[in-house]
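So that we are looking at the same thing, I have put the structure below in structure tokens.
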Amino acid sequence: MSTAPVKFYQVGSFAVGNRLLPPDQNSIQSDSERTNALTSGHRACQGCGEALGARYALDAAMRASNGKMIAVNATGCLEVFSTPYPESSWRIAWLHSLFGNAPAVATGVAAALKAKGRTDIRVVSQGGDGATVDIGFGVLSGMFERNDDVLYICYDNEAYMNTGVQRSGATPPAARTSTTQAVGPEPGNVFGQGKNLPRIAMAHEIPYVATATVADLRDLEAKVTRAMEFRGARYLHVLVPCPLGWGSASCDTVRIARLATQSGLFPVFEAERGEVVSSTPIRQRVGVEEYLKLQARYGHLFSPKRRDDIIDHLQANADRNIARYNLINADTKNADLPEKGVL
Amino acid sequence: MEKPFAITLEVESSLANHTGSWRVERPQYVNLMPPCNNACPAGENIQNWLYVAEDGSYEAAWRSLIIENPFPAIMGRVCYHPCQTVCNRAQLDEAVGINSVERFLGDLAIEKGWSIPITAQPTGFHVLVIGAGPTGLSAAYHLRRLGHDVTLRDAATAAGGMMRYGIPKYRLPREVLDAEVARIANMGVRFQLGRHVENLQDAIDEGFDAIFLAVGAQIGKRAYIPAGEAARILDAVSVLHDVEDGQPPLLGRRVVVYGGGNTAIDVARTAKRLGAEEAIIVYRRTREKAPADDGEIQEAIEEGVLMKWLSTVKHAGADTLKIEKMELDEKGFPQPTGEYEELEADSLVLALGQEVDLSLINNITDLEVRDGVVKVDPTMMTGRAGVFAGGDMVPAERTVTTGVGHGKKAARNIDAWLRKTAFEKQETPSIVEFKDLNPWYYSDAPHAVRPRLEGARRASTFDEVVQGLDESTALYEARRCMSCGNCFECDNCFGVCPDNAVIKLGTGKGFEINLDYCKGCGICVSECPSGSIIMIPEKS
Amino acid sequence: MLRQVEGSKAVADAVACCRPEVICAYPISPQTHIVEGLSRLVKAGDLKNCEFVNVESEFAAMSVAIGASATGARTYTATASQGLLFMVEAVFNASGLGLPIVMTVANRAIGGPINIWNDHSDSMSQRDSGWIQLYAETNQEAADLHVQAFRIAEELSLPVMVCMDGFILTHASEQVDIPEQEQVDAFLPPYSPRQVLNPDEPVSIGAMVGPEAFMEVRYMAHAKTLLALEKIPQVAKDFEKVFHRDSGGLVRPYHCEDAETVVIALGSVLGTIKDVVDELREKGTSIGVLGIITFRPFPFEAVRNALKNAKRVVVVEKAFSIGIGGIVSENVKGSISEQKTPIYTVIAGLGGRPITKTSLHALFHQAFNDSLEPLTFLDLDQDLVEREIIREGSK
Amino acid sequence: MFQVRIHGRGGQGVVTAAELIAQAAFDEGRHAQAFPSFGSERTGAPVVAFARISDEEIRVREPIMAPDAIIVQDETLLGAIDVFNGLTPSGYVLINSTKTLADFGLKQADAPMDRFITVPATQLALEHLGRPVPNAVLLGAFAALTKVVSIDSVNKAITQRFSSKLAAGNCAAASAAYEFVQSKLKESTHA
């Protein structure tokens, strides 16, 4: 899959919409009638990738379920900025319980619906990377293992942003957080740690696992739609840049996500029952530096002293992804680096 | 449903929280100047008519085009399309084939017989236009659309000027020219052909409210070349004119054309079509330095025209020419080498440029002439009030498109002058550069090449060399436009706003920022493919 | 139907009659037999329209229950001891969200040192969790309280914890009149949730509440919980109408009216105490027992009335608050604070230490001549602890 | 109130035995209480279970310290622990063994034959059930020895508890044990 390229030349299949496309070929986000599951007035930071990713994903899930959907939310930025009393930004049936239990709460919702014979109503559970890979990992694994009929979406911004940018199990190596500071011989998060949740999810052999980013809306929507075609446990891992925690310009949120994919640092793929079935090839390959240099959390790699050793290590990680998920094909521009293209 | 206090909330109640107050900058939709529009001598709004054409609204696109230029079918053939030279898409893959789309629209208009109604109120003013070339026709057309009566005089028996007597029909079929001229006639422009204006004063005395001079540059330059009696030397303008009149001159087996401009190329290619076995272009500089359009040179070579660069004609004999080799100095100017060679030639055609026939203003003192051309002020008015001039007879680049642009400019200024107002040209918005775009969103789509007749075959006929695009390729080409600096409704801004602060107004209506909620993050600006949103500071 | 049956089985059958829609649990002694019984009923198809979820932890068990209850399903789970502590975060959340979940706590000590035997330390640790807490004296009452618990929970939209002594009740076989399905259906209407997750009528449940409203939220939770003090006796009355037996309620006095000495206790130890009391009364001693069934909300008034004529109060409790002493007795003090009645706290049966009639006889005799310490540990090996304290102190 | 303590090893079904006694008493319209020695003993470890039988409601929850009857399912326990601890002066003792009381060093004086008896329950089980499971079998002997419950009630309890095939074998074995004890008791009275 995932997105059949829309044969239209003024803009390719990458733009949100297109006045000349038949509605069925257009993205859900281009529809004025989209759900806006997460609507205006929320208190997310300027340029919040998570707010964007959540609306993208949930609007797609609402479309796929004909509006019959219940969402469960773990504690975290998304929950805090969307539902501070007395205002909620949600336009869907939504429940927040705790930080570490969203998958299990969703299991309960699904079990209740099954008992009531209302399996036409679909269940989505969502949380940040902390809720997913760390504190909620046990219950998530349990939900996977039981193959409960829940789509779990992780909005990964690679640290505990809600509490002030502390390191999580999803924080990448070398990244600076408030608990992995840019000091000492190994500044930032150390290499050789962290967990790859999509692969762990795959190890449960659940029906569907996929990754996506806020940079490729059509891909993200296609994956949510595909996920909703399955019953049982499904996992979607969405990269959502965080201007606050990453030290990036609020206007660069989508660009940075795009560079994460085009550098190979964040592989976009999907797997069914434990096997990778497709990956989204890189269109215009860039070196990891293009990605890193837009983010203050990697600032220590460039000044006061340039750390080529670390940059090369990160480049090696990207290359490993490219090989593992076979992200380069005949159409890839700058397939062999280093031509510094800026997207 | 009974909602527990504070713990359970009403959906979308956050709409009460106006996050617009967080903003220090706000996005604003703009219409900037696409480089193509900026480069067009006729001032066409290219981006706009391509945009309209993209959904197949060809007539609407054509009507947008002819607001500026009455000759889409002609332009689509003879314009050297500077628009494509500056097209931003060239930096992504290849420039958009604007010229070919323009021709497609022009031909379609002729095929469908689309006409141009005069909607303006009649002004009662009567303007005389002298010269029915591109400049004069364009002026007449625009003046008519502005509601004036127009009389168009030309010495020739058919309208078109250089478009007819300078450009060979294999580049511009006459039925195309006639059709677009006829369209102007149908607008009520009075044509007085075969009527040579010897003296401007007489015309003035006829009492027109204004006069526009556009007689062009019809006289071939005659450089002094030592020659024997038997030498057959002709000038390019007459050759092309005679061919058009159906009395092609005898050029012989081997024809040498002296010059490096487009006219030289036209003559050489014409000579081939008239049966010459060899047509040789002799030019004192190199191909790179030749003023002729390179595409024209290429086509000529394909047709077997021979090129003799860095050469000057020193002497013309009965059947031979004495050629001196030149070399470029460090400044790039050609310098004699003293090396000579003989070149067989039955005839020598001089294509060294044209001069204006100023006889009609000889006796009018307040029309200042400098370097052989008439001086005009920024409104294109000559020293004589009410008398305007344009085209090849004023200082300018001598192309059809420039002439058409002059005609438009003059018409608007004449109109203003007649109405005792000033024509306000709105100032040009900033020009969009490639770096202002987000090209990620434009998927790769190489230029669609127009089919051509095979060089060997076409050299024996006056059939049109370059064919048009069929609809699908024209559409494809139109859609390659990146719409630089102008929204084309890709919905990116609507989609990428994390705060749902972009309102979609519906097809053709564009978008609006909801300032109640826009936090000013600027993602819409970064992700706008065409660079048609900018951030501006909030007024404090 | 009257049957000789293990307590766990009796509770499982009673819960099944309440037609729960979602049951989730994680194994921990001594609660296991209850959920084993229920899982069997679901798998066999005897309990229809019910999902049994084998979760991976107690934390997940309560979380699943939260999701299910918020979706409008009648939800049940059971745990004990460490299990209850592991789910604590979710326990507080369930009451905070006002979800009428019913949970059995098969009372067991909490470690370390790890100890699987009975006392009340686990449920007592949750006395401030916002759950209603009911304590069963017999297996009959344990079964009955579950049936009542669903009604109390759903009518107040509050979760209810039914506490029954681990092993002593859960593993004891005795005769129980198992509620019949028809009776339960007559007593317990289908669950109509106060708030529910419904795509057709969406709401956002579980908002973040700041300083501007949090106090109010907590106050309202308190006020709502106090309503249970009227609700629980009503429900017990209704129950008696349908089932023709006295079960549940706030407190159960036994010869209290005229008693100089009133013993207060919770749960199964009341039976042993009643035997002792009968034996003492035969010898003409003026003693009675007050069983506390509803510990949260605490029935101050009912306790006060039962203790009007008491000259002394002995509180026998199976949990204690390290560094303070009695937990139940502290609450009892609160209900008769204006009286001068001496209240003796007796910590007994911790970690499964048997509470024997012999020891109780001795205890009460000390009470009669007011020679009891304010805080006494029943059958404590005094020599051992003194020896050990000296040994450790000498380090 | 009649109180019974059953000794065995983990896996031998002492709890079942206690519950069967309680069930038998219940079927006779009396109150009964059966409960294990709450613990985490594993297979093979010495374990005990308790049963109480009474005509009134049983409220007491303390462990049984002075049993009116003791059933020993595994003779090897005699050497290991004091199985007779707390036995009431007129209490009964039932030991699963092919040996005689004398073999265990029990003299007539402290172990009168009308209250102390050994029964080859395992053999009977193998004979009638085909499996060496003595717990239900011993209850037939218990009925004969103590007369607290009838053999019919015991068999009824067994039938309610086990699948038909298992039940039949156990009932047969229990009845055989009942007969065995009956005859032994006759001997003792004639002696």
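A, B, C and D are the chain letters, set down in written order, and residue numbers restart from 1 in every chain.
By definition in this document, a residue touches a chain if its C-beta (ideal position, glycine included) is under 8 Å from a C-beta of that chain, and two chains touch if they have at least 3 such contacts.
What you see is a predicted model, and the numbers here were worked out from it, not measured in a lab.
Participant: Counting one step per pair of touching chains, how far is chain D from chain A at the shortest?
Facilitator: Minimum step count, chain A to chain D: 2.
Participant: Considering A-C alongside C-D, which chain pair is linked by more C-beta pairs in contact?
Facilitator: A-C
Participant: Give the identifier of the chain nearest to the protein's overall CA centre, each chain being represented by its own CA mean.
Facilitator: A
Participant: Quick one: report the Å distance separating chain C from chain D, using the average Cα coordinate of each chain.
Facilitator: That gives a centre separation of 35 Å.
Participant: So the centre of each chain is just the mean of its C-alpha atoms; given that, what is the distance between chain B and chain D in Å?
Facilitator: From the centre of chain B to the centre of chain D is 115 Å.
Participant: In whole angstrom, what separates the CA-based centres of chain A and chain C?
Facilitator: Averaging C-alpha atoms per chain gives centres 45 Å apart.
Participant: Roughly how many whole angstrom separate the Cα centroids of chain B and chain C?
Facilitator: Distance between chain centres: 92 Å.
Participant: Could you say which residues in chain A touch two or more other chains, in rising order?
Facilitator: Residues 82-83, 85-86, 88, 90-92 of chain A each touch two or more of the other chains.
Participant: I need the residues of chain C touching at least two other chains; which ones are they?
Facilitator: Residues 97, 198, 201-207, 209, 213 of chain C each touch two or more of the other chains.
Participant: Quick check on chain B: which residues sit in contact with 2+ other chains?
Facilitator: 6, 9-11, in rising order.
Participant: Specify the contact topology among the chains shown, as one of line, ring, star, complete or other.
Facilitator: other
Participant: Applying that definition of touch, give me each pair of chains that meets it.
Facilitator: Contact pairs between chains: A-B, A-C, B-C, C-D.
Participant: Mind listing the chain A positions that touch chain B in their complex?
Facilitator: For chain A paired with chain B, touching residues are 5, 8-20, 26-27, 29-30, 32, 36, 39-44, 46-49, 51-52, 55, 82-83, 85-92, 217, 243, 249-255, 258, 283-284, 343.
Participant: Would you tell me which residues of chain A are touching chain C in their complex?
Facilitator: Those in contact with chain C are residues 67-70, 72-73, 79-80, 82-86, 88, 90-98, 100-101, 104-117, 121, 138-139, 141-142, 145-146.
Participant: Tell me, which parts of chain B touch chain A in their complex?
Facilitator: 6, 9-19, 22, 54-55, 438, 440-445, 476, 479-483, 488-492, 494-501, 504, 506-508, 514, 516-517, 519-523, 525-527, 529, 535
Participant: Residue numbers of chain D touching chain C in their complex, please.
Facilitator: 18-19, 22-23, 26-27, 31-36, 38-40, 58-63, 65
Participant: Quick check: in the complex, which residue numbers of chain C touch chain A?
Facilitator: It comes out as residues 21-22, 24, 49-51, 53-57, 59-60, 63-73, 75, 89-90, 93, 97, 197-199, 201-210, 212-213.
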